[in-house]
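Following this line, the structures themselves.
There are two complexes below, and they share chain A, which is joined by chain B in the first and by chain C in the second.
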Partner chain A sequence: MKTNIIISFGLISFILLLFYFGLNNKNKYETSDLVGKKLSSFELKSLDEKNVFNSNTLEKNTFTLINFWASWCAPCRKEHEYLMLLKKKTGLKILGVNFKDRKENALEFLQTLGNPYYLLAKDHDGRSSVNFGIYGIPESLLIDNELNVIKKFIGPINFDNYKEIVKIINNK
Partner chain B sequence: MLNNIGNLLIFLSIAVSILIIYFSIHSLKEKKKTINKKLFNLSLWQTTFTLTSFFALIIGFILSDFSLITVFQNSHSLKPLFYKITATWGNHEGSLLLWINVLVIFSFLFLVFNKDAEKKYRIYTLISQNVLIIGFFLFLFFNSNPFDLVVPTPKQGLGLNPILQDPALAIHPPLLYIGFVGSSIYFSAAIGSLLSSYEGRNFAKSIKPWVIVSWSFQTLGILVGSIWAYYELGWGGFWFWDPVENASLMPWFVMTALIHSLVVLQKRESLYSWVIILCLSAFTLSVTGTFLVRSGILNSVHTFANDPSRGLYILVFLSLMIFTALTIFFIKYKKENYSFNTNSKETYILVNNWFMAFYLITILIGTTYPIFTEALVNIKISVGPPFYNIVIIPLVVPFLFIMALAPKVKWISNKFKSSMNFFSIIALAILLNALIIYYLEPYSFLTNLIITSSIFLIIYSLLDLVNIIRKKNNFDLPRILSHLGFGFLVFFIGLNHSYSVDQDFNLKEGEKKEFENYVINFKSLNYEQYKNYKAVIGEFDLLNKKNLKQETLFPEIRIYNQPKTLTYEASIRTGLGHDLYLTMSNISRSEFYNIKFQKKPFMIWIWFSAIMISTGGFVRLFKNEN
Partner chain C sequence: MKKILSYLIIIFLFNSQAISKISNKDEIEILKNIRCLVCQGQSIADSNSDFAQTIKLVVKDKIGEGKTKKEIYGFLISKYGEWIVFDTQINRKNFLLWFLPYLSLFFGGLIIFAILKKKREN
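So, the complex of A and B:
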């Protein structure tokens, strides 16, 4: 009887523990090691398709926040107020990369909620974003004028992230 | 508005569940032999609140109230009303609310329909079920609340995934949920039985209808899921050993074993502990399946959006459930002495259970192995059909023989009266198999064995059927229907597998392709605009050179707007003998289309066999056993 108890509890605990480790196994898409590294040169088309931006464009700014978003993404709505706040309070240059979206929906989204971006780029098929190590949206990269990634935000930017960004900008 | 109503109703349901537990504990101390009316009323209120919350969500979908996050993410104002309604359970949050509704309804019905059972047993069952209800409600409320708000309210929703916009898929989750969430009630009843020592025949009698209900619905749910995969996924298959399919199949094996073991408990007052283990396992495996599907731990065509926090909650809840149940089981465990005669019905039923356990373990290992290798050695692998086919299929052969013979065996001790019958039926099965090969085409050695053994089961079951009609005693009808259905299922799957024709080629408009007995003519391409999608429709003439029969098929490529998705709609011509199945997909920067043609024999009979299996369960429910 005792053996039965030990075997059943042991086996079930083993399975549950493995489930737990499986759940925490995030190395599938881990891109946080981008932080501290320099962005490789890139080229992006503007949302209205009239201009092309590249890495040189961003070298003029002390800091740039590259924000990946879409009108269909619910958490993007949540973070939008903080992006607006960043633009208003700090004048931070934010490059918005519109991800797998329709142009008219994207523009309507910005018309309703405000436009925090100084440049708007599009990534219609999501291919360019992959080069930035993006696997879902919203995600944002804070870079300096040498294109070094200072911070990466996976998921919507919240009030704490906002404070963190303000602190980094002010310290420089 | 709806968000407040929904949250209030969920809050009230949780409050009533706590009250039920409180008054149930109180009622255990009372000497009265009947259950306090207050508990019935509370259960009725609980059911009303929970059901109303679900209706509130449905109304949110009908009115396209995009302030609710679930509606925003899964619906669109232009969607047809039917799919607005079914979108309610076509997502994680809404389906979780449906899950809780089934828990609550079963709790109420069990209380109402078990008046003959002992009070203590019913009360403990009620407490256990309400602990489950509260657990899932808390999960819903704090982690997956369908009534959460999106601020500011979006003008338009994101739309329901087009592949979920299908009638079969609309009814698939409710059927499946009655099946595997229904198993919660005998999980609770098993705890109730252990704590109240309400055992043996009476216990078996009290849970049997619930096991049969959940098993029958589970069977139908799996069937409808397969039909959907066949029509919608465009691969021409109906079972892919996908983790989610496996998750629905595992509890089914346990339920099947349980149905059989319950008969032994009822007739011979034996196998009590085993029955308890099965009762506990069925729901535990259902929750494990939910964990695997909803945590994003496994990749599958069905997985919901990846969210580890969701997975962690289910995992903690699952662990608590298992360890509490196991602890109660071991504390209350009483050693039983089995003295079964080798040649008796109870032994054969045990053998059935071994087979079920074997299938279950195989699928459990296959499904969870990728998680283990990734967690332990960080290697990503996926376990596919070859593993299941190699391990499971050979054992189907002895299983079919036992399924045919076991019902004939008597309880306690049996003597084979005549082996003549047995050998003549085997001979007949071999002969029929040979005739199939003679008139059609030969197949592999293993398929020969499978087809022969399935014919053996079919003949045996048909003889049983004739027998009961002659004797006018149809008590055994449900069992015969299910066994006959299973025989047909294996038989038709075997033939379907062996005689399917599969051709893959590229064609452009106006071109022809000849192969085997067929000529396919790509006649034209047409474009049409529908309410929520654009369609590119191909017109193909299919000529059978043998009988000069011509059919026209219209496969489609659909371009949905909300969300923007391409789907490939197969054109299927269903016949009694075979289905003709055609899909087309575009090849980028080319005028050619990739055409996939399949001839799938006896598809309709595969569906029919599965319906027959579950019909057996439903008929049993309406049959008075005495």
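So, the complex of A and C:
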């Protein structure tokens, strides 16, 4: 009788524990798994198609913010003011990757709102963005000079993200 | 006997060729097993989203490069995490998920056996 009670109690506790962990499991997509990993080697064409940028280009920077954007993307307009502020920070360079956009529209966008990018690349069909784990825009990756992903921002960079980036680059 | 052996070798060689090349049917199978991250539950094969179109291009490129199914899934998992593939991979994190049903069956069976044995003895 005692043994049966212990076994039943053990089984019920185990099932409740499983429910607890299962229900607490986050069911929306997150990229926390990707933080800490090193970017694989990549190649990006410049927007004017005169140059090619690769991982060696970014190793010269202490920190690089790789920002995927497009002129047709409304949230990209929203985050632009923070990119312009980040442009002024020492130790950080911003690489802009123009995503599935037209060159003339992209240049007009930058002329109107300002250009925060030290380098401008393009990804006209989205293929290159997959190498960075991008699935929508705007998305940004903060990497160090060893190409380790320090932080990934899905969606427009807001004031809190801006403060977080400044804290990270100032702490190094 | 020699005829049977030669038939078996020919069948094996044909299957090896089939395994090394990903067919169009396999491409569709791969796309059906990849989750569209912007579509909440749809597969890449079923989705018309921008992201799905990009992944379809990338998968086609990887097949053209001669990558196997496992390599293609591995590449996408390295970029987007395990969530991108519908089929759960067998690894240390998911070990319990895969083997718990069998372990439950085994230990449940043991418990039932022990109870029945006790009843018989009584």
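Operating definition for what follows: the second predicted complex is superposed on the first by the 137 of 172 C-alpha atoms of A that agree within 3 Å, B and C clash if a C-alpha of one lies under 4 Å from a C-alpha of the other, contacts with A are read in each partner's own complex, and residues count from 1 in each chain.
The rule is short, and it goes like this: a contact is a pair of C-beta atoms (placed from the backbone, for glycine too) under 8 Å apart; a residue touches a chain by one contact, two chains touch by 3 or more.
Predicted model only: the values in this text are computed from it and were never measured.
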{"item": "Touching partner for A:Thr112 - first (chain B), second (chain C), both, neither", "value": "first"}
{"item": "Of chain B and chain C, the chain that contacts the larger number of chain A residues", "value": "B"}
{"item": "First (chain B), second (chain C), both or neither touched by A:Glu59", "value": "neither"}
{"item": "Touched partner set for A:Glu43, first chain B, second chain C, both or neither", "value": "neither"}
{"item": "Contacts of A:Ile7 with chain B and chain C, given as first, second, both or neither", "value": "second"}
{"item": "Touched partner set for A:Ser129, first chain B, second chain C, both or neither", "value": "second"}
{"item": "First (chain B), second (chain C), both or neither touched by A:Leu34", "value": "second"}
{"item": "Chain A positions touched by chain B in one structure and by chain C in the second", "value": "none"}
{"item": "Residue ranges of chain A in contact with chain C within the complex", "value": "7, 29-31, 33-34, 37, 40, 100, 125-127, 129-133, 135-136"}
{"item": "For the chain C and chain A complex, residues of the former touching the latter", "value": "37-38, 50-51, 53-55, 57-58, 61, 76, 78-83, 111"}
{"item": "Interfacial residue positions of chain B with respect to chain A in the complex", "value": "69, 72-73, 150-152, 154-155, 158, 291, 295, 297, 308, 311-312, 315, 318-319, 322-323, 326, 330, 333, 335, 368, 371-372, 374-376, 378, 563-564"}
{"item": "Chain B contact footprint on chain A (complex, rising order)", "value": "1, 4-5, 8-9, 12, 15-16, 18-27, 72, 74, 77, 102, 108, 112-113"}
